[in-house]
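Each structure below is given as C-alpha cells.
Same chain, two partners: subunit A is paired with subunit B first, then with subunit C.
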Partner chain A sequence: MPNLMLKGKVIITGAIEAVTGLHIGGAAAGLDIGGIDNPVIRHPVTREPYIPGSSLRGKMRSLLDKHLGLEANKLIQRWKPAVRLHECDDEEKYLQCPACQIFGVTPGDQRRDWNRLKPSRLIVRDVLLSQTHEATRRLREAKTDLPFTEVKWEAAIDRITAAAVPRQNERVPAGAVFSPFEMVYNLFDLNGTGIDNDIRWLTHLFKAMELLEDDYLGGYGSRGAGKIAFRELKVLFKSRAYYEGEISEPVVLGEGNTLRDLNVSQFGEKIRQNLGD
Partner chain B sequence: MSSTTYRLTCLSPVHIGTGQQWSKFDGAYHEGRWYVVDLDRVFALGVDGNELAQAMSSGAFSWAEWLRGRRISPEQVALYSLPCALPPGEVYIREGIKDVYLRPYIPATTLKGAVRTAIVWYLLRHDEQAQAFTRRYLILAVYAKDIGQIVNRLAKGNRQAEEDPQLHLRAIREALELDDAQEAEAFLQTLYRALGKHLEGARRGDRYERVRMRDIRELGSDRRFLALPVERYLLGKDPNHDLLRVLQVGDSETTSLEQMEVGLVWTYHLNQSGRLQPKREQGMEYKSLAEWLKPETSVRLSLRIDESLLGEQANKVLKFKPTQQQAIRRLPEVCNSYARSVIGRQKEYVTRHHQPQLQAFYNQLQQRLDSLPGGAFLLNIGWGGGWEAKTVGDIVQEILHDDDYDDFGELRKRYKLGENPQTNRINPDAPFPETRLVAYQGAAAAYPLGWVLLEPEKG
Partner chain C sequence: MPDTVLYRLHFRSPLHIGERGVGLEETRTSVPADTLFSALCTAWRWLYGADSLQAELLAPFADGQSPPFLLSSGFPFAGEMLFFPKPIVSLSPSKEEYPKKLRAVQYWSQSVFRRWLQGQLTDSDYESLAGEEEPLFWVLEEERKVLDPFRDEETGSVRLWKEHVVPRVTLDRLTSASQIWFFGQVAFRKGAGLWCAIRYHDARLRSRVEACLRLLGDSGLGGERGAGFGLFEVSVLEGFSLPEVEGAKYMVTLSPCCPDGKQWSALLDARCGYDLLPRRGWVGSPEGGNLRRKTVWMLREGSVLHRVDGTVVGRLVNVKPDPCPHDVWRYGYAFPLGVSG
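Let's turn to the complex of A and B:
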C-alpha cells in the first residue's frame, strides 16, 4: 500500500513586478458597448487585474520542460492547433523527472497502476494587485484608459499594399506590482524513500522562476508584453515540528530583493538541519 | 535563450501613433507649445460642467479661446505639453505613444513588425520558388473575380462541378489565357496553397480540401490581408508555426517627455517639372502634425532568440528550414540588406526629383550603413516611412514585370495603390509611389520619418 508523509513545506513569498505591460487574457467583452477586443483577466469581485496561479505555474512548467530538454510527448489537443506537453508515461522515467514530480502528472483517461499516488509538490496561488505598494497608488492616480489598465492600439501593416489593420490590446501597465505572491513546495517522503530528491528538486523551482524572468508571462510576449521580475523575496521552511507546535517560528531559508540574492544552493542544507526528525 | 540588449537611437523623427488625433477640442496652442487639456484639472478650478459642455457643443469652440476668456493659463490645466512647430489651427495632431505615466517609449510591436518585413523581404529575395508562388498568387488575386465567373459559367449551377479542381484548371487557363499546360497546373497549385488547401487531397476527393467558388472569388479580396499567403509561405502556415515566434522583442525602456515634440510633416509630390515639392491643391496644404521622438533620442531594449524553438525537439513540429533559421540568427545582416535596398531606392528617387535635403539625409544614412559595427542595424519604424519601407513592393514590382502585360498596373488598380484621393483615379504614367512624407525642422524640410539605429550594448 503506497504511503505519503509530509515532511515540511517551503513557502516562497514576494511581489511580481510587471517590467513591461502584462496581458493575461480574460473573457472577451462580447457585445459590451465600448468593449475591448482583448481584455485582461480581472478579479470577479474587485474587477482589478490579477495573475492567476495557473498562468504562473503553467509557464514555469513549460520553461522547465524546455530547459531540461524534456520531450513534448503528450498530445492534449488533437484538433488544430495541436497542443503537446511533456508528461512521463512510466514509473522509471517519472522517478528521474523533476518537472513531473514538482508539477505533477494528470491521471489521464487510462488510470494505470503506475499513475497512482503521484503527488505534485507545488501549489501556486493567484496573485492580486498589491493593495499597499506605492506602484498601485501611482497606477490608481494615472490616466489609464480602463481601471488599472492601458488600451494599446496597434496596427498590422500588409506587406504588399501597406494597408493597416488596427487592433487593440489591454495591458496592465509596466511598473504595476502584484503581491503578495505565494508558492508552496511540499516535501514528501513517498513510500519511505526519504526526501533527498524533493530537496534537490527545489532548486529547479527557482530555476523555473529565473527562466520566467527571462521569458514572458501571458500573451503577446514575443512582441513586448509580459516581462516580469520577482521582488521582495522571502523563503521560509515550516517543518513538521512547526506544525505540531514544537517550534514557534518557521526557518528563514533566504531573503532578498531578487532571485539572485537568495543563495538557493544553501537551502538544502538548511532544510536538513531543521527537519526535526 | 540568447538575449541581447540594444541601444536604439532615432536618426530622424519617429512617430509611433496611438490611433488618437488631437484637435482644438482636446488642447490649446500657446507661445510655441501644445497643451493637452486635462478635464479633471479644469473642473478642479471650479468650472461649471454644464457651462463647459454647452460651450464645447459649439463648432467654433477652442480651448485656447475658452481658457483665454477665463484668464486660465494652459499650464494650469495641462495633462502635458510639448514644443509645437506651428499653431495647429484646424490641423489634427497625431498623438505619439506614451505609457500611462506619460513617458514615451518604442513598443515591441512596432519593432517586431519592421523586423518581420525585413525577414519576409530577405527570404523572398533569395527564394525563386517563393517568388514564383508570389507572382502566380498575385495574378490569381488580381483576376480572381474573372476566374470565379468562368467557374460559374462552366459549372452551370452544379455544386459538385464548382468544386472540381479540373474545372478550376480550365477556368484559370481561360481567364489568364494560358497555353502552357504546366504553367496552368502551377497556377492551380498556387491557388490551392494560397487558400490553405491541398490540391492532391482535393483530387482524391477529400472534402476538407475542396475549394468553393466563393473561396476563389474572395481570394485577395481584402487589401489589408493581401500579403498573408506570401507570409505563410515564407514564415509558417499559422501563428503557431510562424518563424517570428522565435524572436522575442521587448518594449523599450521609457524616455522623458523632453524627447518629444510636435513636428510638421508635409506630403511632397511631383510638380509638372518633375520636382518633389510640398503638395498644395485648391488652396489646401497637405500638412499634418505629429508628436514625434526627436532625432538622437536613445532608449534601450532587448531582443531574444528562443533557442528551444530552433532545437531538434521543436523542429519535429515546427520544421523551420535552414534558410529560415539563418534569417533569424543573422538578423542584423537581414535588416541591413532590406535597409540598403530601401535607402538606395529612396535616394535614387529624391535625387532624380531634385530634393536636396532628403538626398543629403540618405547619403549620410548610406554612409552610416556602410560603416556599421558588427551586430548593429538600421530599421525604419512607425508612421510615415512610406510604401517602400513597409512592404516587399520592390520585389513585387520586379516579379510582376512583363513585356506583354502590365500585371503590376492591374495590381495597382485592383488594390488602389497610388490612387488620387480627390479623383479616385490611378495615373499609370506617374511613378509609384509618387508622394513622400517629409519631416520639417523649423521651417525647412529635413528628414524622412522613422529611421533608427540599433546597436548591441557591450557585455
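Let's turn to the complex of A and C:
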C-alpha cells in the first residue's frame, strides 16, 4: 500500500473582486429560470450569486495548460463551449508536470498501474458574495433588476435568417466582492520521496492565479465580462507541528492587497524552515 | 479513572451529515461517533501514515477488550450549555412513559440529563416543558436564561442552527447528463456547535488525536468538503466533567454501538430500551472508492442497557464489501455513562 503523508497545508485566503460584470452561468442547472435566458448561478440557500470553486479551479487549470504549452488531449465537456484539458498519459512526464500535479489526473485505465500517483494537491472552495464588504451593501441598496444582478440585453444574430434576436444576459455588476475565498494546497510525501517538488509547483499555482486575472472568468469574456482581481491576500502555512499544537500560530508566507504584493519566490524557503520535522 | 476530555467544534461553514442519494435527506444535527472515528482515521493516515494507522490506532481497537479511547457522538452545545441525547426509556418507576410533550424533544440539557442519570427527575421538572410548542430541547427553568441569546425573535423557541435542504447538480463528465440531488445542510449559529467527549484509556494517544481533530477542522467533516463544508475550530472545554453514577446497574450510551452476539443477552433486561440505527455509506479509501459498504445496524445514542462490570460493550465492525481489496472498519463501541435505576 502506498504510504502517503501530509506534511502541511498552504492556505490562500482573500477576496475576489469583479472588475467587470461577471456571468457564471446557472443555466445548466435549469433551477433558476425566472424568465432570464442566461441566468447566473445562485446559491441555493441565500439566493445570492456565488463563484463555484469548480469554475475557478477549471479555469486556472486550462490557463496553466495553455501557458505551459501542454496538449489538451482530454475532452471533459462535449456541449458548447467544448472544454478540453491536458492530462499526462505517461508516468515519467506526469512526475514533472506542474498542471497534472497541482490539479490531479483521473486515475483511468492507463494510470492504474502508476505507483507514484499522488492525489491532486489543490482544493478550491466555493466563494460567496461578501457579507461584510461595502460593495455588497451598495449592491443590496441599488435597484438592480434582480437581487444583486443586472440584466443586459444583447442582440444575437440568427445564423440562418440574419435577423437580430434580442437576448437577455444576467450579470453580477462590476465592483461586487466575493469573500472569503479559500484555496488549500496540500504538501504530500509519497513513500518518503519528500515534498521538494510539491513546494516547487506552488509557484505555478500563483502563476495560474495571475493568468486568470489577465483572462476572464465565466461567460462573455470576449465582450469584456468576467475580469476579476484577487484582493486582500493572505498565504499561510500550517505544518504538522502546528496541528500537533507545538506551534500556536500558522506561519505567514505572504500578505498583500494584490498578487504582486506577495513575495512568492520566497515561499519555498519559508516552508522548508518551518516544516518542523 | 480514565481521563475524559470534552471538545467543542465551532463550525465556520455549514455541515452536511448524512448520505447522498435520491430524494430528500434526513438531516442530522449530531455527528455519530462512527462518522467521527472514520474522519479521525483519515486524518491519522494523512499525518502519521497508513502503517501507523494500522498498528497504533486500529489494531488496539480491533482486539476488542482494550480500546485505547472511547469516543462519543457529537451533540449540540450553545455557549456553555451542553446537550445530550434523549434516553430511549425513562427507567423511572413513576414515569414509565415520557409525557407527550417530550416526544418531539431530541436533546436534553446537562441539568436535565444529570437529574435523569441520578434518578431525580421530578414531576415539576416535567412541567417546565409546559409553555413550549413542540420543543426540540428540554431545559430546566433555571437554565433558560443561558439560552436567551439563541432564541428566535418571532417564536421565542431555541434555535441553534438553520436547516436547509439544498439541491446540487452533478454533471456527468462523459455524457453531459445532469443529475439533481438533494442534501440537508445545517448551519450553526454563532456560539453554538457540536461537542464530543473522548475517554482516554491510553493517554499517550491524546496529542495525536487532537492533531487529527485540528487537521479535520481545516479539511472538513461530513459531505461536500471540497466546496468548503464542515470546517471548524476545536477547543477543549475546561472544567466540565460528564455526569455519571458510579457502580450503577444500567448505562446509557453516548455513541451508536454494535455489541457482538455474545454480549447481547447480558445487555438487556425488561427495563432497557434501544433504537436501531442503520449505518450505511461508501468506502472512503483511495483503493476502495465507489463501493457501497455493508450496512450495519447499531444501537442508537440514548439506548439504555444493562451494565456488566469490566466489559467493554461494542467493537469495530468490518463492513468490507466483497470486491474491496482491504478491510473496512466501522467504530461501534458504546460510550457508557452509569445511570441509577
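Going forward, the second predicted complex is superposed on the first by the 245 of 277 C-alpha atoms of A that agree within 3 Å, B and C clash if a C-alpha of one lies under 4 Å from a C-alpha of the other, contacts with A are read in each partner's own complex, and residues count from 1 in each chain.
We adopt the following convention: a contact is a pair of C-beta atoms (placed from the backbone, for glycine too) under 8 Å apart; a residue touches a chain by one contact, two chains touch by 3 or more.
All figures in this text were calculated on a predicted structure; none of them were measured in a lab.
**Student:** For A:Val252 in the superposed arrangement: first (subunit B), second (subunit C), both or neither?
**Tutor:** neither
**Student:** Between subunit B and subunit C, pick out the one touching the greater number of residues of subunit A.
**Tutor:** B
**Student:** Classify the contacts of A:Ile160 with the two partner chains as first (subunit B alone), second (subunit C alone), both, or neither.
**Tutor:** After superposing on A, A:Ile160 lies in contact with subunit B but is clear of subunit C.
**Student:** So, does A:Glu71 touch the first partner subunit B, the second partner subunit C, both, or neither?
**Tutor:** A:Glu71: touches subunit B, not subunit C.
**Student:** Now for A:Leu95: first (subunit B), second (subunit C), both, or neither, which partner does it touch?
**Tutor:** neither
**Student:** Touch test for A:Val45: subunit B only (first), subunit C only (second), both, or neither?
**Tutor:** Touch status of A:Val45: second partner only.
**Student:** Overlap of the subunit B and subunit C footprints on subunit A, residue-wise?
**Tutor:** none
**Student:** Sort out for me which residues of subunit A touch subunit C in the complex.
**Tutor:** Residues in contact with subunit C: 1-6, 9, 11, 28-31, 44-45, 52-53, 76-79, 119, 123, 125-126, 182, 184, 238, 240, 242-245.
**Student:** Which stretch or stretches of subunit A touch subunit B in the complex?
**Tutor:** 20-21, 66, 69, 71-72, 80-82, 84, 138-139, 142-144, 150, 152-166, 173-175, 211, 214-216, 220-225, 227
**Student:** So in the complex, which bits of subunit C are touching subunit A?
**Tutor:** 45-51, 164, 166-169, 171, 173, 176, 178, 180, 185, 187, 207-208, 210-212, 214-215, 218-219, 225-228, 286-287, 326
**Student:** Enumerate the contact residues on subunit B facing subunit A in the complex.
**Tutor:** Its residues touching subunit A are 1, 3, 17-20, 38, 79, 97, 99-101, 107-109, 112-113, 117, 120, 138, 223-228, 230-231, 238, 240, 244-245, 247-251, 254, 304, 306, 308, 311, 313, 317, 387, 390-393, 396, 415, 417.
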